[in-house]
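One chain, subunit A, appears in both complexes that follow, with subunit B as partner in the first and subunit C in the second.
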Partner chain A sequence: MDFPYLSIIVFLPIIGAILIALLPHADPRRIKLTAAFFTLVTFALSLSLFFMFDQSLEGAQFVERASWIPPLDAQYFLGIDGLSLPMLILATFLGFIAVLVSWKIDLRVREYFAWLLVLETGVLGVFCSLDLLLFFLFWEVEILPMYLLISIWGTGRKEYSAMKFVIFTLAGSAMMLAGILLLYFHGGTFDMMELAGMGLEGAISTLLATAIFFLLFIGYAVKLPVFPFHTWLPDAHTDAPTAVSVILAGILLKMGGYAIIRVCVSIFPGVSQDYAVLLVALALVNILYGAAVTFRQRDLKRLIAYSSISHMGYVLLGIFALSQVSMTGATLQMFSHGLITGLLFALVGLVYNKTHVRDITQLGGLARRMPIIAVVFSVAGLAALGLPGTSGFAAEFLVFLGSFKSTLVDGIQTYAILGIVGIVLTAGYILWLLQRVFYGPAKAQYDGVPDADRLERFTIFSMVAVIMLIGIYPAVLTDIIKTGVSPIMASLGL
Partner chain B sequence: MNVYLLSPAMSLCGLAIVVILLDLVLKRKWILGAVSVAGLIVPAAFTLALWGREETSFNGMLAVDEFSLFFNLFFLVCAALVILSSMDYVSKFKAFQGEYYALVLLAATGMMLMASTRELISVYVALELTAISLYALTGFLKDPKSSEAGIKYLLLGAVASAVLLYGMAMVFGLSGSTHFKDIAAAIPGGVLDNPALLMGMVLLVAGFGFKIATVPFQMWVPDVYEGAPTPITAYLSVASKAAGFAVILRVFYEALGPVSLDWGIMFGVLAAITMTLGNVVAIAQTNIKRMLGYSSIAQAGYLMIGLAAVSALGRSGLVFFLIAYALTNLGAFIAIIAISNKTNSDLISDYSGMAKRAPLLALALGLCLISLIGIPPTAGFMAKIYIFNAAVDHDLMWLVIVAVINTAISAYYYLRVVRVMFLGAPTSEEAIPSSGALRTALSVACLGVLLLGVYPWALLKIAETAVNVFP
Partner chain C sequence: MPSGVPLAIFLLPFFSFIVISFVIRPFLNSKPQLSGYITITSIGTSLILSLWVLAEVSSAPGHMLSMPDYEWLVIGDTVIRFGVTVDALAAIMLIVVTSVSLLVQVYSQGYMHGDPGYSRYFAFMSLFTAFMLGLVLADNLIILYVFWEGVGLCSYLLIGFWFHRPAAARAATKAFIVTRIGDFGFLAAILFLYFKTGTFDIGELHHLALAGAIGGTVLTWAAIGVFSGAIGKSAQFPLHTWLPDAMEGPTPVSALIHAATMVAAGIYLVARMFPIFASSLTAVTTVAAIGGFTAIFAATMGLVMNDIKRVLAYSTISQLGYMMLGLGVVGIGVANDAISLEVGLGLGVAVGIFHLFNHAFFKSLLFLGAGSVNHATGTFDIREMGGLRKVMPWTYATFLIASLSIVGIWPLAGFWSKEGILDHAWDHQTALFFLAMITVFMTAFYMFRLVFLTFAGEYRGGNAGHGGASAHAPSLRESPLMMVAPMGLLAILAVISGWLPVSSFLGGKSESFFGALAHPMAWVSMVLAGLGILLAYALYSARWLSVESLRRRFAPLHTLFSRKYWFDELYERVIVVRVLVDGIFALLNWFDTRIVDGVVNGVAGGTIAAGRVIRRLETGQLQVYGIAIFIGVLAIVACFLIFG
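After this line comes the complex of A and B, so read on.
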């Protein structure tokens, strides 16, 4: 076996968490540095995988396999391909950013960072596992840290929101577990690669295949979230501490999109095609309904949360348009949205920290007081609405182009065009938001409010840099994503 | 007749007598607990020395095989953990400390015999040995609640015994033998055209159902769990239940094997009703011991899935679930014992802010509650996966769906305790002290829960060998 890169990447954060829990002196600064160190090393390692990744190969690389529970034929099976590598890099990057964003936490510091790192291990495990049972195990690891992070360090109705998050997630997991068990029973293995390659659909009845597909889909749809399973998201986002919002929007939602491609579409290409119209219509509801509701929001954080719902609609659209380009676009959109919305939440956190106000109607003219935050917020906002030169443009362009040209879904052109309306709406609420919060006459009550300090500037600038990099040269990721998407296209007969 | 085969049970019984005698002469009573725990090494050593044998003795009444030896160890570990967690608790008693430990050991002796007999009469005798010791232990506190619990347990237990005996009599009448082997050979392969056999089977299920606390013989559980000394509640909920399942596996596979299709369905229906009732009623509880009482009813429901799925997979799933459940529930009760030693209260509301007063205890209790829900990475998750898999394999999809819905319901009341502990404001600032014995027992349980949650294979293998003795 080669050097176990993936195991190290997945377990490094939890080792950091244990270390933090055991550190003899609860000096907050030392705890924060430890957390930053572990997340940075994890990020660096995943970045090194990016350079070592062989783009000419399809299928999983850096594979680690060991027998885990022989009677169930479950394996400790890690590996990454073109789909998971971008997610892994995104997750490790945002993991590091989340630690930086949390630098000003002073309540129960030790526990906070320990849970944050445990959360990261769970998420990384999801992106690296190629065994369904292992995947499910990691999927569930995230629940407890999220529950505690929201309910202890959150604001507002935090306990209610945390509980709602847990209940939705558990209900989704229960469905997913039923689906996984059915899949295991009929396919005889938990190995995702094997399940995707065995043509399981042909072997079982259409009804059963459809049932399994939707059991799994609902489990992931709760996470993405897809209308009507989205109601936990605005609450959880609004009441979570800033760093947790960043992780929630940046990584956790992506677990849903990633799993839909990795499990639902890969294993059931036929069912995906049969129900593509329905799912694309659902995507459209997400895009338009999400955007429409976003308009009505007065709470800054809630507004960004609802915009996430709208943007995740593009991901769903791209996936179920079922073309190489659109699915590549959907994966890129996940990466890009993770950065952009992560950045927006970080900025909202900064604004709130400094003004202690989140109500948009009470804010105004902040550009004069905090020019750097205002500029970065504008850049992030423009990226969210898909301005060329940012990652948002590259991703959304690919999604719409791919959807429009798709040959497998009837009437997809209409849906694609309707989806573009979503971009117009996004432009509307983003620009209106910028105007109300940052521009206009300065308000006296915000006199003397400071701008971003050095650490905060470093954090937000580094995110902007990546957004720009992907926007200017998207091929850096799309070439890799294509190697992950091609096998799925092959199974669809493309 | 090979008396050596009986050595684990005999040495355990001897240990109980030694403890009583020591109680007469010793002034420093803590030694009694230490002797009880340390003495458990002797029966454990005998058990390990017998490992691998497959023999019967006393005219086929007593079986020594991997199944009985596995359960010997299981009960010894349970007894050890219960005694370790009792030491603080018992030190408050003015008298009868020796009797307390001796009764715990005698009950364990009975349980060991329950898992090793192959004959109806000795099943009954072993069961009564366990039950009578436990009746006495339940009423041990002698306060009104404890006495009421004891008398209730005794009365209902006596009724259950009568029902069980009646069932045994019917089976005996039909087959002409009390030996499992002969019963299996004598009974016909279907119960529907044989009402007496059906009746006998139902009565057996009822009698054993009392032990494992399944519907409709679960009504004693909440009162007895609430009133009994907390370590004994833990003992009842884990070891006594496991003994019930062990004896059910023996009787139903070895004696009633030919009609397995019929009792499989019966257990399936009972499982669905039991878990639903346990979980739904648990939601309304305000006392943590009562809540765990109803939770243990629900867990019995999950366990019975392993009986409903009549296969090697179902049996090993059941045994593995028992291990996971035992560690988890013992862990939860040990944490509760530690907390109530200080607060003298079992109300869930008094657990408010426990995470600040006793962070490690709260974390341990939280871990065990999560394992009871079945969230990874804990033993409870693996146990559920494995037993659900057995059920799906046996075409019991409907039962798995019921169980999964139940799991979601149960998350509500288990997590409520977690929420109170971690989010509530502490009612006082006082830290919760805990003795070394308690801490040891708790760490063993929690490490076991975590270890089984990520690497279950080692114990799964043992569970599989244990149940391989059945056809």
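After this line comes the complex of A and C, so read on.
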């Protein structure tokens, strides 16, 4: 076995968490530095995988395999391919960013950072696992830290929101577990690669295949989230601390999209195709309904949360348009949205920290007080509305293009055109938001409100840089993503 | 010519933006004038390179240079490339954009002097110019769309340049969203064309369209989609409402937006895609009809506005309508086989773009003149002006030349290109021709209404600031040389640009200098223009007629025009607010909180309530449990007995 990169990446954060928990007479600064160190190393390692990744190969690389529960044939099986590598880089990057945006936390610092790092291990495990049981285990790891982070360090109705998050996730997990067990009983293995390659759909009845598909899909749809399973998201976002919002929007939602591709579509290409029209229609509901509801939000965080629902609709559209370009676009959209919305939440956190206001109608004229935050907020907003030169455009454009060209879904062109309506609506609510919060005459009540400090500038500028890089040269990622998408296309007969 | 030259034309202003934003603004903020110098140097160099390109193109066979292109994105069999196209159309547009932009930047140094956002201003102006140049050079629809949106972004940034003014912030948002509604159609058309043909390359698309490889309905829909993008950018009816508000930006920005960038992009797009349009009669008829209607529709509103920039804005919309009309009517001729394809394709572009070319100079001059007047008087309201002829002779002279040019008086620039449009309208679409002729009269009237109210008579302003009217307020003086010199140069161009062989270079025909006067059409339109000027003179200078009584007599019309046909109210109050935000969106939001989330909370509440009820049964008293068990056993036994 080669050097175990993935195990180290996955478990470094939790080692950091243990270390933080054990640090003697920890002063907050040392804890923060420790957390920053561990997340930065994790990020650096996953970035090094980017350079070592062989783009000419399809299938998993950096594989680690060991027997884990022999009677069940469950394995400790890690590996990454073109789909998971971008997610891994995104998750480790945002993990580091999340520590930076938490720098001003002063309540129970030790526990906060420990849980934040445990959370990171959970999501990294999800993106690296190729064994369904292991995957499920990591999927569940994230729930406890999320519950604690929201209910202790949150604001507003935080207990309600935290509990809502847990109940929704667990309900989804129950479905997923049922689906995974059914897969195991009929496929005889937890190995995702093997399951995807064995043509399971042909071996079992259509009804059963459909049932398993939807059990799994609903589990993931809660996470993405897909209408009508989305109402936990605005509440969780609104009441979560900034860093948790960044991770929630940036990484946790992507677990849903990633799992839909990795498990649902890969193992059940035929069922995916049979129900593609329905799911694409659902994607349109997400896009348009999400955007419509976004217009009515007055709380900054709630507004961004609803816009996430709308943007995740493009992911669903790209996946079930079932073409190589659209699915590549969907994966790129996950990466892009993670950065853009992560940045937006970080910025909302900054605005709130400095003004203690999140109600849009009370804000106004902030560009004069915090020019740097205003500029970066505008850039992030423009990226969210899909302006060329930002990752948002590259991703959404590929989704539209791929959907238009798709040959497997009837009437997909009409849906794609309806999806484009979404970008007009997005322009509407984003620019209206900028206008109300940042433009107009400076308000006296915000006199003397400071702009971003040096650390905050570093954090938000680095995110802007990645957003622009992907926007200007998306091939950096799409060349990798397409190697992950190709096998799925092959199983669809393309 | 090295193949890097066209690329450099785009990159120079782009680097100017980078240097200003990332070097000068953060590190050399005490020397903002550097930003102006860098912008001017880079755009000036681009102008020189554009002249070089023009020379190369005119000596190249077929006026077409082939340039290498590069891969940008490859996924499976989908390949997106980027490259530049250099032909006569692109070469002319490069000249228009770089020359107008250069003069506007020189002028801006005076106009923006001392503004705290000086560096930001020049950074955005550089970027604006760069994106427009990129748009002109793009050889495929994706790259064109990228720059198309980029141009939209810059106009958003520049219209909202003074973002602390609510009106500016609102106007910027409005401009972006209204144009994006058009872009929706454009993007859909790009995807649709790709879906049908498998290419984004403009040259290849033309080839396929002309060879008949694309179906008629496909072409019609694609052309209409592309045109909807152009409607938004070029502020044609019904997406015209953003442009009059766009003057909330600094005046030189308006000069650039109205002449060489942004609105010109829409006309350019239709010209660039002309073979697609000309292959569909429905599409070209739509273009001609929208253009012809917009020309007169905008002119009527221009008749009654009191803000000098607003009048000019409506005149821009109207003139852009002329350009669309020109493109459309020649297209109708081609689609009806009245003009052969070989002649028609070049002719259409020539008719439309020649007017864009001339318009660029006189319209930017008019805006710079308006800015110069504002520099002196501090207002844009023509009711507060008057008599400026004496104190601002240069501004007056150049403004007058530009006005005569836009009205279309021989031998000034506007005459030549407007005649071309009217001629072809007469040949191919008579109804629209008459509309265009009426518009000539209106144009003359509203332009000279401006001239007389601003420059003739006595000064009427200064009441507010100086306490009482004075013939010459002390601040009234001619603008500095920095501002007047570009205006002088533009005035020369506003006279002579029509004499340049632009039309024949683009593939149209050129009139001889005096030969043009042999056409009766030229006299009809000039007489109409003269009548317009005369009416303006009678009303606003000689005062033979009373403006008041005229307004009273036509009160309903006056209200209709000055309220802009209530389009702003319809769009903003009714559609956006009533129907969407407070209507459908509010309903969906209610649905989301009450129904979708309501069910969730209902299930949770139900579970808790059920728990509360069931909990009562758990009394802890053994007797009660015993009775329950007994009843249960009885029930089971009864079931067995009954159902066997």
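Methods note: the second predicted complex is superposed on the first by the 494 of 494 C-alpha atoms of A that agree within 3 Å, B and C clash if a C-alpha of one lies under 4 Å from a C-alpha of the other, contacts with A are read in each partner's own complex, and residues count from 1 in each chain.
By our rule, a contact is a pair of C-beta atoms (placed from the backbone, for glycine too) under 8 Å apart; a residue touches a chain by one contact, two chains touch by 3 or more.
Here the structure is a predicted model, which means the values were calculated and not measured.
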First (subunit B), second (subunit C), both or neither touched by A:Leu33: neither
Touching partner for A:Ala44 - first (subunit B), second (subunit C), both, neither: neither
Partner chain in contact with A:Ile417 - subunit B first, subunit C second, else both or neither: second
Partner chain in contact with A:Phe295 - subunit B first, subunit C second, else both or neither: second
Which of subunit B and subunit C A:Ala475 touches, first, second, both or neither: second
Intersection of subunit A interface sets (partners subunit B, subunit C): 167
Touching residues on subunit A, where the partner in the complex is subunit C: 164, 167, 227-228, 230-232, 289, 292-293, 295-296, 324-325, 328, 365, 367-368, 382, 387-389, 393-394, 397-398, 400-402, 404-405, 413, 416-417, 420-421, 423-424, 427-428, 431-432, 434-435, 438-442, 473-475, 478-479, 482, 486, 489
Touching residues (chain side subunit A, partner subunit B) in the complex: 67-72, 133, 136-137, 140-141, 143-144, 147-148, 151-152, 159, 163, 166-167, 170-171, 174, 177-178, 181-182, 184-185
Subunit A partner contacts - residues on subunit B that touch it in the complex: 313, 316, 370, 375-377, 381-382, 385-386, 388-389, 392-393, 397, 400-401, 404-405, 407-408, 411-412, 415, 419, 422-423, 454-457, 460, 464
For the subunit C and subunit A complex, residues of the former touching the latter: 72-76, 78, 142, 145-147, 149-150, 153, 156, 160, 163-166, 168-170, 172-173, 176-177, 180-181, 183-184, 187-188, 191-192, 194-195, 580-581, 584-586, 588-589, 592, 596-597, 600, 604
